[in-house]
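As written, the chain order gives the labels A, B, C and D, with residue 1 at the start of each chain.
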Amino acid sequence: MKKLINDPRAVVDESVEGFGLAHADLVTVSMDPMFITRKDAPAPGKVGLISGGGSGHEPLHAGYVGLGMLTAAVPGAVFTSPTPDQIIPATIAANSGAGVVHIVKNYTGDVLNFETAAEMAQAEGVEVRTVLVNDDVAVEDSLYTAGRRGVGGTVLVEKIAGAAAERGDDLDAVAAIGQRVNDNVRTMGVALSACTVPHAGVPSFELTEDEIEIGIGIHGEPGRHKIPMENADGITDRLLEPILADLKPSAGDKVLLFVNGMGGTPASELYIVYRRARQILEAAGLTVERSLVGNYITALEMQGCSVSVLRLDDEMTALWDAPVHTAALRWGV
Amino acid sequence: MKKLINDPRAVVDESVEGFGLAHADLVTVSMDPMFITRKDAPAPGKVGLISGGGSGHEPLHAGYVGLGMLTAAVPGAVFTSPTPDQIIPATIAANSGAGVVHIVKNYTGDVLNFETAAEMAQAEGVEVRTVLVNDDVAVEDSLYTAGRRGVGGTVLVEKIAGAAAERGDDLDAVAAIGQRVNDNVRTMGVALSACTVPHAGVPSFELTEDEIEIGIGIHGEPGRHKIPMENADGITDRLLEPILADLKPSAGDKVLLFVNGMGGTPASELYIVYRRARQILEAAGLTVERSLVGNYITALEMQGCSVSVLRLDDEMTALWDAPVHTAALRWGV
Amino acid sequence: MVGQPLDAAWAIAWLKLSAAVVAENRLRLIELDRSIGDGDHGENMDRGFAAIVAKLAEETPATPGAAFKLAAMTLMSKVGGAAGPLYGTAFLRAATAVGESATLDPAALAGALAAARDGVVARGKAELGDKTMVDAWSPAVDAAASAAAAGADGAAVLDAAAEAAEAGAVATDPLTARKGRASYLGERSAGHRDPGAASSALILRAAARAAAGEAA
Amino acid sequence: MVGQPLDAAWAIAWLKLSAAVVAENRLRLIELDRSIGDGDHGENMDRGFAAIVAKLAEETPATPGAAFKLAAMTLMSKVGGAAGPLYGTAFLRAATAVGESATLDPAALAGALAAARDGVVARGKAELGDKTMVDAWSPAVDAAASAAAAGADGAAVLDAAAEAAEAGAVATDPLTARKGRASYLGERSAGHRDPGAASSALILRAAARAAAGEAA
């Protein structure tokens, strides 16, 4: 394992410290307990929006703290959800009195820790709503399992719900639009290589030179199955197929196409995947109204990508286009 | 070699095609000869700004085409400079009558091909000025060698000269500010792993598990020397030392600190390097006025980073802050 | 087997022995979690129990219940992930169950273990056979109850519980996970031991060793 | 050795044999460039010469000069990198030097090679010993001039040139590069053959083979 780090156990601390220094115009960093808030939080009268989860998915979530997106982010240890003693003060700091929405990726750890924190924050007088993101079609959705994972769709939920909070929607409305995004987005990922968690020191799974993992998440967990290496178009076909089968869009639907890099994939390759995904969507009669291509929710240095398709309505499109000013996503300002 | 590609020889074509589809609001793509122009090029009365070079450094250069930055970009094959038959029509397309500045990274191939193109474009009536970027302190600067390489500083030259062109500076003024940025920026890079050129199929150099290459460029060429793996702080010290020795800043100087990922390095690690670089600069009495952290000029999926330090003056800072709207850099609009 | 009284000293020794055994098994637990999860379980548990030891250097709980509560709060705030709230809840429910008693008799001990297990189930909603830590805790609780009913002393009750937990952990090997991160793997999760069940067995064994008089 | 007349057919055969030999040596040239450059030289040359062959399927140059010009233009527009403009200039200068002659006599041939070399030097500003293609071209030009002066025929002149170029390429091995990408490596460039010198030797050998009557 070669990484640009000092002590494997100081990775999150030092990285968040650097992030805070580089983006001091946007964010305030609390180191202990660790959470990152918008410089101007809480915005009077506006709903607060928080997300968090294990570290290692940068720029998620700290990179999305700022105008028009998150009010606060709560990073845990690498691939480990944060604890209530971080989430509670972040929730309180994000609350202007209008309440706080927790955007939680559907993993047992995240759910349990945010659940506890929400309960305790409510006990301290903060109204909390939770949007559970579970867009990963690689995982079977069932009452008898942990359910689908929250992956690429999280970024879209944060952007669109963030814009709703910024325009002054109330607590239930912000949670509802976040939920609507989640209900209309599906994601599927592939890994060409594993990633190495700093404290583990060895890759999270093994792949030979001609194997890939289809249906991976963002934690270096193995996917649903290994298949022999294929070309980019073939892989993209395999990602889109379950997305469309599950989303069941109608011809004429407008969509946002999000091709996300897992951390170790060159931008040029993401655009090759984008090209093919776009061909498939257009062949299905869909209009790609908006696009996002890049490393937005990663698994350390994993090579691979995920593709997300979000069925848009006019309100979602307008909220997507609304100004955003964060370290990792910025437009209109 | 596992990559999200189809035919190794179609990588640039398919990737640029995808880029054009994803950013159709910003750019127009000519596939043969290949070049990418701003949707609204040429802007009446404004100086055109072109850059180009081998592919594999994405988002450089196509990602910087748009308002306040490049008028056109000319991608060559992977790590191979483009040819005059691409550069000439791009130059003509970028010319509103106010002339065109070529931003050329100092590599023999880039210099020769842009030189030929400039001559031929001038013969067709386009005034051309050239800014040669050579910020890499890893390489000895001498009349008897190919001289220093153009690396991270290129992004800063493109942004600041682009803002000057956008505000309406004339040809010589745009070239002069570009030159001033180059004169005030120094860069040094490190690789933890090599990259694999698609048509070559094998890594560009070999490193064992406990070796790193110090002084690498952006083409997977080996660096000045291999050293045993060190921690992030130690590596950052090694990058900053020659930068400061060469730039010779004075206490009180204002600088822009640019920590650039080579393509395969997680953002969290870049912020760990940023943290240390900032400590060093502040210890030297410098004020870090502006920062940029991310994958802006890459070498495919190489793991590693470069650090650039630009000594700012008030005009450069204002031009840095000026609005920019490109696929990879955007603010103020 | 004649053991220690199950008092505050025992509870503290249990926590310290747990910290030692988790630290020793850190890599093994990471490795188990790497196979069917995200490779952090050993790191998470080690961070949490190291924090408990640090807390114990500052304050000395006067009762087993106080020790359990200290453990619960520390695990809840330092571990994160799934294991943090689950173990946190387990110790919290055990603390509530034992109240302020200075020592636990075998029945109270068995009741505390059952409360802990019930807490895990309430939070995580896993059933027996879902390939989670419940598969270690449930047989341990049953074994403890039987032993206590049969008149065993505290040390013997814990020994039975530990043995059952160890068997329960081993028995997760062939199972297909239905809860937690391993469930994403579907059938590929079979053939691997559940890391949370493995750590639960280690911790229950530490309780038995503390009761048998082993010092931390 | 009695060879072909150095006419348009020879020039075309030269270009086609060059394309074949460059294609065969693509990986070797990539490998040489990977060691001290950026690993694209074989790919660049292969792309350029394949384009020449494609062009030759569309049009048949009537003179050696026309063939050289076709090669120059194609290399200039398809190769890129350092090699594109340098080889392009070489062929362009050779074309200018031979004008519209239908066949080249040994002196004209030697003159064309010298013009080509001078073009490379004018563009690239490399001196002998800088570890570039000049280290193959310069001895080749000298050998060709001597052979022509000694009365050798075209084929023999080219044979001498190719042999000298091959020796010149080998002689780059110990040198430290002072031009091109390899110069960034400083002393680490010593111990490797310059890829452009290697490709130059291949191409000059192809010229000799074409002159010896070998068909493409």
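In this text, a residue touches a chain if its C-beta (ideal position, glycine included) is under 8 Å from a C-beta of that chain, and two chains touch if they have at least 3 such contacts.
None of these values were measured; they are calculated from a predicted model.
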Shared touching partners of subunit B and subunit D are none
As a quick test, compute the distance in whole Å between the mean CA positions of subunit B and subunit C. 55
Using mean CA coordinates as chain centres, what's the subunit A-subunit B distance in Å? 29
What's the distance between the Cα centroids of subunit A and subunit C, rounded to whole Å? 33
For subunit C, which residues are shared contacts with two or more other chains? none
What graph shape do the protein chains here make by touch: line, ring, star, complete or other? line
Between which chains is there touch? A-B, A-C, B-D
For a test of understanding, state which residues of subunit B touch subunit D in their complex under the given definition. 54, 76-85, 107-109, 112-113, 115-116, 138-140, 144-146, 149, 197, 199-200, 202, 204-205, 217, 219-222, 224-225
Please name which positions on subunit B make contact with subunit A in the complex. 1-7, 11-12, 14-19, 21-23, 55-56, 58-59, 63, 192-193, 209-210, 212, 229, 231-233, 235, 263-275, 278, 291, 293, 295, 298, 300-301, 303-305, 330-333
In their shared complex, subunit B is touched by residues of subunit D numbered 30, 34, 36-40, 43-44, 47, 76-86, 123-124, 178-181, 183-186, 188
